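What follows is a pair of complexes built around chain A, which joins chain B in one and chain C in the other.
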Partner chain A sequence: MDQTRNQPSAGKFWSWFIPVGRQVGGWAFALNRVTAIGLTFYLFLHLAVLSLLAKGPDGYNGFLALTENPIIKFGEWAVVAAVFLHGLNGIRIILTSFGVGVTRQKQLFYGFTVVAVLIILIFTIRMY
Partner chain B sequence: MSQSTSSYISGPRPGETTWIWLIKIVTGPLLILVLMLHLIVNHYIGSTPTGLMTYTDIVRYYQNPIIPAIEILFLITVVTHSLIGLRGIILDMNPSRQVLSVVTWLFSLLGVFSVVYGIWLALTIASKGG
Partner chain C sequence: MTENWKITLRVYRQKENQTSHFDDFQMDVNPDEYVLDAVERAWAFHDRTICFRHACHHSTCGACGMRVNGVEKLTCITLIRDVTRNGATLKVEPLRNFPVVSDLAVDMGVFYRKMEAVGARAVLPVTEAEIEDPPSKWDAEDSQYIRLSDCIECGLCMSACPIMATTPEYLGPAPLAAAQDQGLRRKPELLSVVDCEDGVWRCHSAFECTAVCPSFVEPARRIMNLRVQVVDMRLRKLFGKA
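Moving on to the complex of A and B:
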């Protein structure tokens, strides 16, 4: 067995963003990491924006008007999409971590991704 | 396929204790449940035409004491999960022991600050209704 395969390195981080030659497991890994980084960035941005609530109705309701901006709205949609892709892919990781479905990881990934896409569609219809 | 099945199973990375890994794994499903509630509340029950909550909606919503409690639990869970996860991603880049130590301290401080700030904010919003 190749002993270096799972050794961490900075180069492997950048390879997540290169789609060439990637197998399903690699896509699942990259999807999990990229959505994690995006969601973490959003979390702290969200916490900062919510400080407007402490300033009273004028500050917060003024911000709400911004949510109709197509770019902000797309960002909000991307967050919802990332939440479900990351969350449902995460369930697959938990299941396999405890020995459930280890030999059926591809099927689990496809199945959870389909569920995530359906939920994202519902939110898309609701938001637009 | 020469790769053994066990090498596909997720587990603690080098530099990540089993406890830290387990916290990340346990907070994940908890987050999905609370986040679903959070998204539905914020996209469906607000009084704006799109369903988002206005300032008045949020203050009214926070008058039920269970709501700030749930939101604070949500905040602690999401901050813990995200910072442990981000630290795990940094571990994938094989940082030196010194860099990892700085990252751990920074993330711990950021986590504590975020939770304290969030608790203050939740209690401030709840107090606006009085």
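Moving on to the complex of A and C:
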């Protein structure tokens, strides 16, 4: 190991996702990164699927049949879960960024996460 | 009767141009001793080549910051009882995001230069300090009193911050807190230092800095307040009131 290993570098982004030694705010930070990456991936996937429309009804209908596949269905569920976890945590960050509830950021995180989980639960029941 | 624990002190070792490894030291400790006591005992009775920084032993100098079982701690005030248990391992590593000089000692030069860049104050007038129950109005003679700054420049916040790990140019929690401490209205020249890509807007609200700060500086709260100050200054410029 060289002396530079302990120094900051862009390549260390993976350390964002290691929860060991982190605390509530750090876990919230990691959760927001993971859901953001997932949603970005979904956005491109979504555009690719929409491009099937250019191939006419047959191309798109063929894809729609795939949505009954359990893996695709789980993917849709994951998108909804990521939207609510990321969106509600984002509201917490907006509030604290401008001085609202800064000293209560942990409670805000717990509160918004409970709301997100409840919404995801309702969605899960309706979906399955 | 004094309680005695048997622990394994696992110490990060790395000398110049050598690969890193951990050395284990079995020792009996009083769980109400501090982690720094255990490190000093390893140095005194097991291996005199262990290199670490320490000075005051009462959380004033900020020299003995290390990662204890993965979490940033000021080892002179961290009870062994609070971070391990009887028969378990106590792992000590150098702070993250600083070059390792030797073993547990890191080079804090970049951090100190950032503190200088924002004109961090070691002492400040009591009238400008954040204190509990301040008087509604300060008397003129109160301005003669000064107090030590809360920040002891231990660097724990710089080590815990996930953004510091990936962005060396980021000013970091302690320097931004030091800028907030002075106030942009009082020191408008700080605006260009903090209102930039690697300044106050680079913080991603992980709040790890506040979680590990041993001196109740609350860097995250100060960074958020600094953002409000920056927006206030921008609006004043926009409407010609600066």
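By our rule, the second predicted complex is superposed on the first by the 117 of 128 C-alpha atoms of A that agree within 3 Å, B and C clash if a C-alpha of one lies under 4 Å from a C-alpha of the other, contacts with A are read in each partner's own complex, and residues count from 1 in each chain.
Convention: contacts are C-beta pairs under 8 Å (C-beta built on N, C-alpha and C of every residue); 3 or more make two chains touch, one makes a residue touch a chain.
Predicted model only: the values in this text are computed from it and were never measured.
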* Identify the partner contact of A:Q105: answer first if only chain B is touched, second if only chain C is, both if each is, neither if none is. => both
* To do: Please indicate which partner A:Q23 is in contact with in the superposed arrangement: first for chain B, second for chain C, both, or neither.
  => second
* To do: State whether A:S15 touches chain B only (first), chain C only (second), both chains, or neither.
  => second
* Please determine whether it is chain B or chain C that touches the greater number of chain A residues. => B
* For A:I93, is the partner it touches chain B (first), chain C (second), both, or none of the two (neither)? -> both
* To do: Could you say whether A:L53 touches chain B, chain C, both of them, or neither, answering first, second, both or neither?
  => first
* Given the touch rule stated above, what does A:T40 touch, chain B (first), chain C (second), both, or neither? -> first
* Shared chain A surface residues [contacts with chain B and with chain C] -> 1-2, 5-10, 12-13, 25, 93, 96-97, 99, 102-103, 105
* Asked: Residues of chain C touching chain A in their complex?
  -> 14, 16-17, 19-20, 67, 69-71, 94, 96-100, 106, 160, 162, 164-168, 204-208, 210-212, 218, 220-221, 224-225, 227-228, 231
* **Residue ranges of chain B in contact with chain A within the complex** => 2-5, 7-11, 13-14, 25, 28-29, 31-32, 35, 39, 43-44, 48, 50-52, 54-56, 58, 78-79, 82-83, 85-86, 89, 91-94, 114, 117-118, 121, 124-125
* Asked: Once bound in the complex, which stretches of chain A touch chain C?
  -> 1-13, 15-16, 20-26, 28-30, 93, 96-99, 102-103, 105-106
* Complex interface listing, chain A residues touching chain B -> 1-2, 5-10, 12-13, 25, 33, 36-37, 39-40, 43-44, 47, 50-51, 53-54, 56-57, 60-61, 64, 67-68, 80, 83, 87-88, 90-91, 93-94, 96-97, 99, 102-103, 105, 123, 126-127
